[in-house]
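After this come two complexes, each holding chain A, first together with chain B and then together with chain C.
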Partner chain A sequence: MSDMQTQTGEPLLRIEGLTKFFPVSGGKRLFAVNKVTLEVGKGETLGIVGESGCGKSSMGRTILKVYEPNEGKIVFDGKDITKLSRKKMLPYRKRMQMIFQDPYASLNPRLTVGDIIEEPMTIHKIGTPASRKAKVQELIGVVGLKPDHIRRFPHEFSGGQRQRIGIARTLALEPDFIVCDEPISALDVSIQAQVINLLERIQKERGLSYLFIAHDLEMVHHISHKIGVMYLGHLVEYGDADEIYKRPKHPYTQALISASPVADPKSAREKHRIILEGEVPSPLDPPPGCPFSGRCPHVRDECRQILPDMYDYAGRKVACLQYSPKAQGITLQ
Partner chain B sequence: MSLLEVRNLTTSFKTDQGIVTAVRGVDYRVEKGEILGIVGESGSGKSVGMFSLMGLLADNGSVTDGTITFDGEDITPPRGTDRKGRSAYEKKMRAIRGNKIGMIFQDPMSYLNPILTIERQLTEGIRCHLKYDKKKAREYAIELMGMVGIPNPKTRLRQYPFEFSGGMRQRIIIAAALACNPKLIIADEPTTALDVTVQAQILELIQKLIKNTEAGVIIITHDLGVVASLCDRISIMYGGRIMEEGTADEIFYDPKHPYTKGLLGSIARETGDEKEPLKPIPGTPPDLLKMKDGCPFAPRCEEAMVVCVDHNPGNTEFSGTHRCSCWLHCMEKVSTVAAPGDGADDAAGGVGAPPPKGGGTGGRTDDKHERLVETGGGKAARPHQAGDAQAGVGDDAGPGPEKGGPAVGRSEQPVEAAAEKEPRHNKGHHAAFAGLSKIFGKGVAAHV
Partner chain C sequence: MTETELTRKLLPEEKNDEFIAIESETFLQAAWRKFRGNKRALIGMVVLIFVVLAALFGPFLCPFSYETQLPEKNAPMSLLHFFGTDKFGRDIFVRILYGARISLSVGFVAAIINLIFGTLYGGIAGYVGGKLDILMMRLVDIIYSVPPTLYVVLIMLMFGPSVTSVMIGISISSWMGMAQIVRSNVMSLKEQEFTMAAFVLGAGDSRILIKHLLVNTMGPIIVTVTLMVPQAIFTEAWLSFLGVGISAPMASWGTLAQDARSLIEVYPMQTVFPMLAICITIFAFNFVGEGLGTALDPKQKH
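Then we have the complex of A and B:
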C-alpha cells in the first residue's frame, strides 16, 4: 500500500504509547487510554471497536488534543504535535477534524445551516466572505443537501440530514484526517448506509484518512482497511480489517465478533457463540495483569500477573500472552 | 385460536401540530410458544402498537380502530370517554399486566424505581397477582434471580438499582416479567442499551427461559441481527403499517417488499469474500403528520407507481406465513388483491378463500389490474407518466392527454368510487382489512 504513505514514507498519523488518564476522587487515576500505539496511512480508514467505556472516544479526542495527552507521542504528517501550544496547534487543527455521534447536540440550534458550515472558515480566516459563501454552496451539494437548505435551521432536519450538515462543516477546512466518533450510532438503519456511502465517496474523491470509531462490528469491517480492538483503555488487537474480522486471534476479539448478531438466519443458527462471563470491569479498578483476564475463557495464571505487550502474530499485533514470542517458541518445539 | 390476535389496530395521538396516526391498521397474531419479531425504524409505530395493546398509551393517545383479542378475551381499549367503560377496562388490564402479559423494556434504569430495593420491586407483582405472603414472595424472588443468573441473590435482593450494572438490571426486569408465568411476553428493544457481549448473554437467557415455557413472545427491535437468530416469524413495520410478514428465512432470503429489500441492502453483511457496497434507501423516514392514505414507503420507493401514492395496497399472500403489502405483488397475484368493493363484501360475508371470481366483479378486478400493470410497467417512462397521472388522480379529473393518463384515470375509478362510501381516512385500512380478513379467515380455520 505505497500510496497510503505520505511522500516522506511516514504514515499520516502515528501515535506511540499514547496515554490519557483522568484524576478522580480519592487520588486515583482513571486510565481511559493506556499506552496505545497505532498508525493511520493516507487515504486509509482505521476502525476502532470496543464496548462502552473502553476508551475509544477518549482516544479520538486525545489524538485531536481536545484532551491533553499525559504520556506518549502524536506524530501528524511527520511532525510531533504532542507538545504544541494552542496557537501553534491551529494550522494542524485545520487538517484534523471530527464528526460527532449526536447530530442533535453537535449543531448550534441558533445558527442557520449556512452559518454552521461557514463558521470554521471564519474562525480560521479562510477566503473572503464571498468565496466562503461559494464554498458553502459547493459543500451542500457534496453532502447531498439542497441549496435552499442553507437558510434553514438544524431543527428542521432529520438525524441523517443533520449528520450530513456536520460532515459538510467538517469538510469546510479541507482536512486530511477526520475522527468519526460513532457517526452512525444515532441513525436509523436505512440512513446509516447513506452516511457510510457518503463518507466512502468523500474519502475516494479527496484522499482523506479516517479514524472510524463505532461499536457496530459489521459496519466497521465494511468501511475500514485496518481495525483496532480496544478493551479497558488498552489496544488488544490491531491489523488488517479482513484478517481480524475473519480470523480473530485475541480471545476478546473472538468473543466480540462471535457475540455480534448476524442478520442472516442460517449462519446465526450455525454460529458458535462465545458467551463471556460477567461484564466489563470498572476502569477505576482494572484487574492486575491482562485487562481481559477476569473474563477470558483461556485465562492462565501468568495472565493475572503480566500485562502483555503487543506481539507480532499472524500479520497483526495481538496483546495476549498466548502469542508472546516465548509461548510461540514453546508451541513450535 | 391464536394466543394474541390484533386486527386493524389504529392508534392516534392528538398533538399541537395535528393528529398523528402512529399505527395505521396493523394486524398480527402470536401463537403459543412462538417468537414474533417486530422490526422497524424509529417512528414506525412498533412500540406504540405494543403500548396500545397493553392500554399504556399517553393521555393524548387513543386506539381509534381495531380489535385486540388475547387468550380468548377481548381487550380492545374502549373508545370515547365513557367513564364506566374505561374503569372496567382498567380493572381488566390490571389483572392482565404483569400477570398474563409480562413486559421487558428497553431502558432498565428508567423502568426500575431508584429509591426502592430490588426486593420490593421484584416481589410487588408476585404478591399482587399470585397472592404470596411476604416470606414466600421473597423466597420466590431469590429463586427467580438465580434463574436469570444473578450471583448472590440473597444479598443482591436487598440492594438498590444503582448497585447493579446494565446487564444485571436487565436480568432483574426479565425475572420480574417472568415471575407470574405469563402467557405472553413483550420485549421492547430488550438489548438496545447493552454492549455486544452483554447483549449476547441476555439474548441467550431469553432464548433459554422461553424454551421452558409455553409463552408467546413479541420482540420489538430495530436490529435485524437480533431477530435473525431469535425469531420464528418477523413483521417489518414502516410508517405505522406492516409492510411484510414471514418466517425468518422468508424475510431474509426471499424478501418481497422493496422496503425489506432496502433494509437488508442497508446493513453490512458478510457474503463471500468480497465486501459488497451498501445500497441505502434514499430519502428520509416519513413525517407522520403529513401521511397520505397510500403506501407510506412510496416517497422513498424506487419502484413506486402512481397507485402507491394515494391507495394502500392490500396484502398478497405468498405462503401460509409470508405476506406482503405492496402493489407490485398485487399485479402478480390479482386474485388476492382487495378491490375495496368486492373485498369488503368478502370480509362481511366471512368468505375465506380468495380465488378469482368468474363473475362480473371478478372480471372488473382483473381488468383493473391489467391497467395497473400498464401504468407502472414502463420504468423508463415512469417519471413522465407519474407526473401526469398524479395530477389526474389528485383532482379526479377525466382522462389526461398522455398515453398513461387515460389508463390511470380509468383504473382508479373503481377504487375512488368505492372509497366515496367510506370516510376518506378509512379507505386504506378498509382495503387492507378486506385482504387480511381472508388471510386470517384461512389462518384461523387451519388452526382450529
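Then we have the complex of A and C:
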C-alpha cells in the first residue's frame, strides 16, 4: 500500500474551495459541497467517507462537472477545468471517469454488454469498428467476464458482474482518474471483495488514481492512501489513511471510527463507543459556526460562532477549533 | 481489525465459473415470446393482417369498382354480391374493401405523424426540462382545450373536404397524448444513473436523448401508436357519419354507415356491415395494443 504513496510534483487533481449549492424553493440554498480543498496524486487513492447526505457523491459529480461548480477551482493535471464548456471538456472526459453506485441503474437495459463497453470509444471516435470490437474483447477479459457475455443484456447478470461491466466501460477510455461513487455499497460482502480486488489490480497495472467514495470506513481504510472525512458538505479531516484511521482527531471522525464494527468480540468489548446525540442538522439550515457543533461532545461556546478552517495538526488537516493554532498555544515565529 | 484479518476477508478471488443458463434474448425476442402467449393479442394480429391484406389486394379480385352502379339496387346478400348492393346498386362488399383502404390509411398516417411529432416534442420537453418544458406543456394544454372535432371542421373549411384534410385534422388534435407519455418517461429516465454515465462519457444531447432515453421508452411508444390507429379510425368514421368527413363517391366506413342510415328501417344490413368492419378492426387493434403493452413491459415476465 505504501509503495504507491510516493508522489512527486503537481497532483493529478486538485480542487480548491469547491462549492456546489442547489437552489431550493423559498430562495434558500442547499450547500451540498462547501469550500472543499483537496488533492489526489498520481496512482493514489483518496477515500471519502461520511454519512448519507453529507455531500460525498455531490462532490464526486461536481468534480466531473455533472453539476456545474458554483465556486472554487478544479485543476486536473495542471489545467483549470472549472469553466470549460461541455465541448472543451471532451478531451478531459477521456481521462476522468466515474464508476457508479447502483449497478442495476447505471447500465442502459436496452444495450448489449458489447455495445455498452464500446459506446465510450464510439463517442470519442477511438479506433476503427474492428479495433473497438477487439478492445471490448480485451476489456471483458480484464474485468473477468467471458467473451460470450458480450452479446448479452445487463439484466442477465448479477450485481457484481454488472459492476464489472461498468468498470470495463470506464476503462475503455483508459482514464487516469476515476471517481468511484460508492461502487460496492449495493453489492454483497463476498462480491465487494471481488470488485475491490479488481479495482486494486487495475490501479497497480495502470497507475490510476481513484477518488473512492464510500461509507464503509474499514473498506476505505483498506483501499485508500489518504482519507477525507465529510460532514454536512464540509471536509472536516483530511490526511494519511492509516493515521486518520488509527488516531482520528476530529470529534466526528472519532465518533465515526468508534461506531465501525470490530470482528474480534474481545476487542469489541473493550472498545469505547462514542454515541452522538441528536440528528444530522438539515443542510438547508446548518448551525452557525462549526457544522458539527450541535452534536459534538467537546463543544465550546466559540464553536457555535466560528466556522473552523482546516488546521494543520499531527500531520493532517482538521477543521476543529481545538486544533487551531490559538488553542494549541502556538505563536507565529 | 488488523491488516491480516482484512486481507483474509478479501481473499476469495473471483471464481471464473459464472455462466448464464438461460438463452440470451434480445428485448424484441422476449417481447415476441410474451406476445405469442397472449391468445387475444394473437387473434387480433391475425385479424389485422387479414384486414390489411383485404384492403390492399381485395379490390383487384372483385369484378366491380366501388362506383360501378349496377341495375339491381338494394339487392340482398348473394354469392355475386356478398353483402348485397346499396340504393344506387353499388356492391357493398367492394365498397367496404375500398373503405378499409381509406379508414386504415387515415389511422396509420395519423399514428405515424403522432409518433414522429409527439415523440420528438415530448422527448425534447422532458429532456431539456425547466422553462422550455413548462412552455411546451402549456401549449399542449391549450391545444387540448379545443374540442378535436373543431380542428377537423376548421381544416375542412380551409383545405376543402378531402382525405388529407381529415388526416391533418385528426393528427393535429391527437399527438398530445404521445407527447405527454414520452415526456414523463424521459423525465424519469434522465434521472437514472445510466444517463449520467452517458453524460460523463461525453455523449452529446442527441445521443443521450435517442440512444438512452427514447430507446428505453420504446414500449410505451409502440403501445400508444398501436392504440392511436383505432382511435383515428374511430374519429374519422364518426366525422364521416356526421357528414363532415370524407365525401362521395369515395367512401370510408363511416360514410358507408351514413349512406345506409336513411334506409335503416328497410335494409338494416346495409348499416350493419360497415359498422361491423369498424368494430372488428378497432377490437383487433385494441387487443394487439393491449398485448404489446404487456409484452413490452420488462417487469412482466409472462
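Here is the rule we use: the second predicted complex is superposed on the first by the 321 of 333 C-alpha atoms of A that agree within 3 Å, B and C clash if a C-alpha of one lies under 4 Å from a C-alpha of the other, contacts with A are read in each partner's own complex, and residues count from 1 in each chain.
Here is the rule we go by: a contact is a pair of C-beta atoms (placed from the backbone, for glycine too) under 8 Å apart; a residue touches a chain by one contact, two chains touch by 3 or more.
Note that this is a predicted model, so its numbers are computed, not measured.
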Where does A:D188 make contact in the superposed view: on chain B (first), on chain C (second), on both, or on neither? first
Report for A:K56: first if it touches chain B alone, second if chain C alone, otherwise both or neither. neither
Taking the superposition on A as described, I'd like to know which of chain B and chain C A:R162 touches: first, second, both or neither. neither
Now for A:H215: first (chain B), second (chain C), both, or neither, which partner does it touch? first
Of the partners chain B and chain C, which touch A:I275 in the superposed model: first, second, both, neither? first
Report for A:Q97: first if it touches chain B alone, second if chain C alone, otherwise both or neither. second
Of the partners chain B and chain C, which touch A:L256 in the superposed model: first, second, both, neither? first
If you stack the two complexes on chain A, which partner ends up touching A:P265: first (chain B), second (chain C), both, or neither? first
Residues of chain A at both interfaces, chain B in one complex, chain C in the other: 158, 161, 190, 193-194, 196-197, 218, 222, 262-264
Which residues of chain A touch chain C in the complex? 61, 64, 66, 89-90, 93-94, 97-98, 100-102, 105-111, 119-120, 123-124, 144-146, 149, 151-153, 155-158, 161, 166, 169, 173, 190, 193-194, 196-198, 218, 222, 262-264
Please give the residue numbers of chain B that touch chain A in the complex, ascending. 41-42, 165-168, 195-201, 203-204, 222-226, 228-229, 248-249, 252-253, 262-270, 275, 277-282, 284-285
In the complex, chain C touches chain A at residues 1, 5-6, 9-14, 16, 18-20, 22, 24-27, 192-194, 196-204, 207, 211-212, 215-216, 218, 298
Per the touch rule above, chain A residues touching chain B in the complex are 51-52, 158, 160-161, 188-194, 196-197, 215, 217-219, 221-222, 255-256, 258-269, 271, 273, 275-276, 279-280
